[in-house]
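What follows is subunit A paired twice: with subunit B in the first complex and subunit C in the second.
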Partner chain A sequence: MSGNFLHRQPILRRPDGIGGALPALTLIALFFVVPVVALLLRSVTEPVPGLQNYAILFGEGTYARVFFNTFLVATVVTAVTAIVAFPVAWMLAIMPPALGSIVFGIIILSMWTNLLTRTYAWMVLLQRTGVINRTLMDIGLISEPLPLINNLTGVTIGMVYIMLPFMILPLVGTLRAIDPMTLRAAALCGASPFDAFRRILLPLSLPGIAAGGLMVFVMSLGYFVTPTLLGGTSNMMLAAMIAQMIQSLLNWGLGSAAAFILLLVTMALYALQLRLVGAKRMTGGI
Partner chain B sequence: MTEPFLSIRDLRKAFGSFVAVHDVTIDIPKGEFLTFLGPSGSGKSTTLYAIAGFQQPTSGDVLLEGRSLLSVPSHKRNIGMVFQRYTLFQHLTVAENVAFPLRVRRRPDAEVNRKVAEMLSLVRLESFGGRYPGALSGGQQQRVALARALAYDPPILLMDEPLSALDKKLREEIQAEIRRIHRETGVTILYVTHDQDEALHLSDRIALFRDGRIEQIGTGEDLYLRPASEFVASFIGNSNFLPAEHLETVDGAATIRLADGSVVSGVRIDQEFSQGQKTRLMVRPEAFRLRPGPATAGLAVEFIDTAFFGERRRVIARTAAGQEIDVRPTSDMAQPQEGIASSRQIFFDPAAAFLFPA
Partner chain C sequence: MLLDYDRLGWLRAALLGFTGLVAAFLLLPVVFIVLLSFGSSRWLAFPPPSWTLKWYEELFADPAWLEAALTSARIATMAAILAVVIGLLASFALVRGQFRGRNTLRGLLLTPMVLPVVVFAIAIYAFFLRIGLGGTTAGFVIAHTVLALPFAIIPITAALEGFDKSIEDAAIVCGASPFEAKLRVTLPAIKIGIFSAAIFAFLASWDEVVVAIFMASPTLQTLPVKIWGSLRQDLSPVIAAASSLLVLLTLSLMIVTALIRRKLSK
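Here is the complex of A and B:
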């Protein structure tokens, strides 16, 4: 009897989805797992077997500078994005849903617009004789053009703009889950609007900030187009360096090592965040 | 005349063309437990929110010890409040929640710790200080909310249907806690509910709201035994309304004719009626008896259903005019269940009945 019962148990489970998931899983295996392994192999075999590629990357000042610069840009972009995104997310969270979905649509639309177009538009706006500098000079606020492009400022402006939706979306979800009555309760307890923000709203929205922050940070680490077009040669980022190593210098070994380090850092950050925030809260309880 | 402790003066709140609160005026003495009772949308919560500072009234004033609160933002009003929904700060422990109002007031640690311990013992959750709100039951969460609202010794505590999310047994348990805490702290409480039993159980006075106005304000006994209107009579307790014609009034006692033609004298009235005016006679179910007493009036009925509930019987009867009435006489040893069904009359004391205009 009990054997019979055990036999029947799988029927009670959800139908398994392996068949349907197979094409996508195959794609990921073939075009992600295999290349990553190949990358790792190349980084320790070219030009000769050994860890010399990693030694060069960690040892030489030029490369260390690129790593430092990459983390600096990613950190600044993440921080600025979080600060700029928070009020937008809050507005979206408390807006009437009909109006909110319009604003939401505009934000999503910006994500769907071609990245290169948007970055070139920033070049037009930010350059020495660009719209922003000319306007500021015309109204007499500045006498010399501001250095807005080919430096960290330009990269930050351009990347924050592109990253905003990735911060806003998870943050809106978290903020919507906060009962506005909680903030009224805080106010009656004597908390000024600033105290209520610092002690209640901000801590409660941390999971959203963390989720959005990780997304933005990781995307920024490997970003290519915007830093290349809006940044200067003096603050090259990792992705641009990898492209140069492989395309111009044809040094596959060094390029692979750099790419592998980037992947490891990303995975380490994700693991760290899972520990800090918890997987459940990051994925919305899935 | 001394200044009332809390005074609501001609308070009016309009949302566009909809007037939620019409010129409500109440004086509340220090230490009173006043309940705003009424159906949903009657303006009771809006009035409470005006006191809390969540809604700016269209006109009128709220005065605490003679000073207007209207220009004071919520966080400087120093008012405690327990909400309908659970509003504990989920990222803070129970003790940190209770400490929150003291922390934002920059009180010294020693005082904060002493006060938190005192408050947790007031709501009998001494051992729960280190838990997070998510690990507490609904009833426990509302008790923590109560502790948080009282931690800074506010002169006024507002409670907006704090027990509506709880089941009946828990509700009664926490009602008893609230009564005790009111006794022990002497805080002035304004309590909003749509539950008449809760209002009767807790309050010193009840303000019954209807369509943004106060229909009647008084003790529970006032509202139950001396209702000012048919609405009050039907909202508080159960009641039967029998259509009647007013014949004459002599010395404050009316004579009326019921729909079945029977004439009843000695009905208590608080207002003037003209001869022949259509009225409704209100009789509480428990005011009916199954046997005649001194000065009772009889009502010919047909018994439809009877049931025995221990201290009371519940009888559904139909009048000669076809109206079903609810009768709940006290159980009577001399009148067993089977005896009731055979009788053809019920009785009531006209002095315990009320006449309202139809």
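Here is the complex of A and C:
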């Protein structure tokens, strides 16, 4: 046995190499990196070589409006999501497990429900004759139906709905990691609850808010389905514009240039997020 | 005492009330769509004048819906299997490998999750048109495997990181080959991670809309493409019926997951 052990020793010491990752690497290189790079090349070669596609995108007001809409919606969605998610995550972090698991169940159900199903529900709920307008009119709060759909209000409501779980779940982790003793110490030293919140709880949860917020912001920037269905044609966002340039206008040069801008912004924010929370913490999020 | 549930005082009532409101907000569309699917109004009046099953009858009378669902199930199953196998192999290298650029590799393999889907969708659409995979099942499966891979890698690497490698080494010391040790010691130990990976990878493909819209052909469309097409035409209650069945599927998946996790962790 001892001879066997010595004999096996080198095998034990040998770490796993890169070998196992080769199938994944091949898949990603061939069917992700190559197509994306090829697409981006089209932005500087079609219809003729040069940067004219970018000049058009940055030069014309129509496109500036799309970029503005996109950043505006992403910013508002991120802010609203963070403000709504924080108290919920706070409660979830300290709630009795029996009660908490009900709320978690609802969050997971909403998150796992088909995206189109959820968006369809909001299309029906928010329309002129929809339940929300009816209810508001019945209780006399408004006399005319509010325009809740085919505008940025509709997009924002639908997006906040979709993004909430992505903010709540990581924040629960952050809040659970805070030692309750720090807050007890603050109370003992005479801090009011408001002071304790402002000077201890909020700063300590800031990394979680920043990480979740960046994720929501990045996801919102490139979102296609919900803005397309709830925003209508006059309030286009970037992802929808890219799809339209390719699918309906067959303008590959302009479409891929717009795609490159979206990719660049997304990747820059992703890199920032990695630096902020570290690759491991972020990928442990699921 | 802000993190002490029993000593929050009036703040607790306020926060609980707010949490309840948000939970209701999250539940609202899901419940609403199910109720709507049983309502008799074609114009989606709510509350409906009466209750009916006719939208479900209409749904099942149209073979295109069933066909789209079967297509989705077929593609999602294949993509999930591929993503889990490839992801499992990659996870060993990512967690235990000692080579330069390991973190870069991890970042690269997870990028499909971060890059906006619309960018990948038009890129792979153009690429497949060129190499003749456009509108084919193989093309669908490959594209969805790329998108599902991060969702397989994340839970498997997490499980593998939590597994003590010396147990696997002990099996090798006791005479198992390294492969045998992985198969019979390590894999059973990380089965919850693998199971989660399979579920996430399946859902990543099953619910995927954007790539599917570009890849679909008149003869090959997945369920989300079918729903998308109907949504662009009108808000027919038949979509509510189809959606309710999807909600039912989600619920059963959640329950099965909870049961299996409980059983596996014993």
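Going forward, the second predicted complex is superposed on the first by the 249 of 286 C-alpha atoms of A that agree within 3 Å, B and C clash if a C-alpha of one lies under 4 Å from a C-alpha of the other, contacts with A are read in each partner's own complex, and residues count from 1 in each chain.
Here is the rule we go by: contacts are C-beta pairs under 8 Å (C-beta built on N, C-alpha and C of every residue); 3 or more make two chains touch, one makes a residue touch a chain.
Remember, predicted model here, so these are calculated numbers, not experimental data.
S.K.: Could you check whether subunit B and subunit C clash or fit when both are placed on subunit A?
M.R.: Once subunit A is superposed (C-alpha atoms), there is room for both subunit B and subunit C without a clash.
S.K.: Is A:83 touching anything from subunit B or subunit C once the two structures are fitted on A? First, second, both or neither.
M.R.: The answer is neither, since A:83 touches no partner chain.
S.K.: A:112 in the overlay: touching subunit B, subunit C, both, or neither? Say first, second, both or neither.
M.R.: Only subunit C; A:112 stays clear of subunit B.
S.K.: Classify the contacts of A:187 with the two partner chains as first (subunit B alone), second (subunit C alone), both, or neither.
M.R.: Touch partners of A:187: subunit B and subunit C.
S.K.: Could you tell me the angle at the CA centre of subunit A between the CA centres of subunit B and subunit C, given to the nearest 10 degrees?
M.R.: After fitting both complexes on chain A, the angle is 90 degrees.
S.K.: Is A:203 touching the first partner subunit B, the second partner subunit C, both, or neither of them?
M.R.: Only subunit B; A:203 stays clear of subunit C.
S.K.: Which partner does A:23 contact after superposing on A: first (subunit B), second (subunit C), both, neither?
M.R.: The second partner, subunit C, only.
S.K.: Using the touch definition from the top, say if A:32 reaches subunit B (first), subunit C (second), both or neither.
M.R.: In the superposition, A:32 contacts subunit C only.
S.K.: Look at A:264 in the shared chain and tell me whether it touches subunit B only, subunit C only, both, or neither; answer first, second, both or neither.
M.R.: Neither subunit B nor subunit C is touched by A:264.
S.K.: In the superposed model, does subunit B or subunit C contact more residues of subunit A?
M.R.: For subunit A, the partner with the higher number of touched residues is C.
S.K.: For the superposed arrangement, tell me the lowest C-alpha distance between subunit B and subunit C in Å.
M.R.: 6
S.K.: Of the residues on subunit A, which ones does subunit B touch that subunit C also touches?
M.R.: After superposing on chain A, subunit A residues 184, 187, 193, 196, 200 contact both subunit B and subunit C.
S.K.: Under the stated contact criterion, what part of subunit B meets subunit A in this complex?
M.R.: Residue positions touching the partner: 52-54, 73-81, 83, 85, 87, 89-91, 100-101, 103-105, 145, 148-149, 152.
S.K.: Taking the complex as given, what residues does subunit C use to touch subunit A?
M.R.: 1-5, 11, 15-16, 18-19, 22-23, 25-30, 32-33, 36, 43-46, 85-87, 89-99, 103, 105-112, 114-127, 142-143, 145-146, 149, 151, 153-155, 157-158, 169, 172-173, 175, 178, 196, 200, 203, 207, 209-210, 213-214, 224, 227-228, 231, 235, 239-240, 243, 246-247, 250-251, 253-254
S.K.: Can you list the subunit A residues touching subunit C in their complex?
M.R.: Residue positions touching the partner: 4-5, 8, 11-12, 15-25, 27-28, 31-36, 38-39, 42, 84, 87-88, 90-96, 102-103, 105-110, 112-125, 127, 129-131, 134, 161, 164-165, 175, 178, 180, 183-184, 187, 193, 196-197, 200-201, 218, 221-225, 229, 239, 242-243, 246-247, 252, 255-256, 259, 262-263, 266-267, 270, 274, 279, 283-286.
S.K.: Along subunit A, where are the residues that touch subunit B in the complex?
M.R.: By the definition above, subunit A touches subunit B via 179, 181-182, 184-193, 195-196, 199-200, 203-204.
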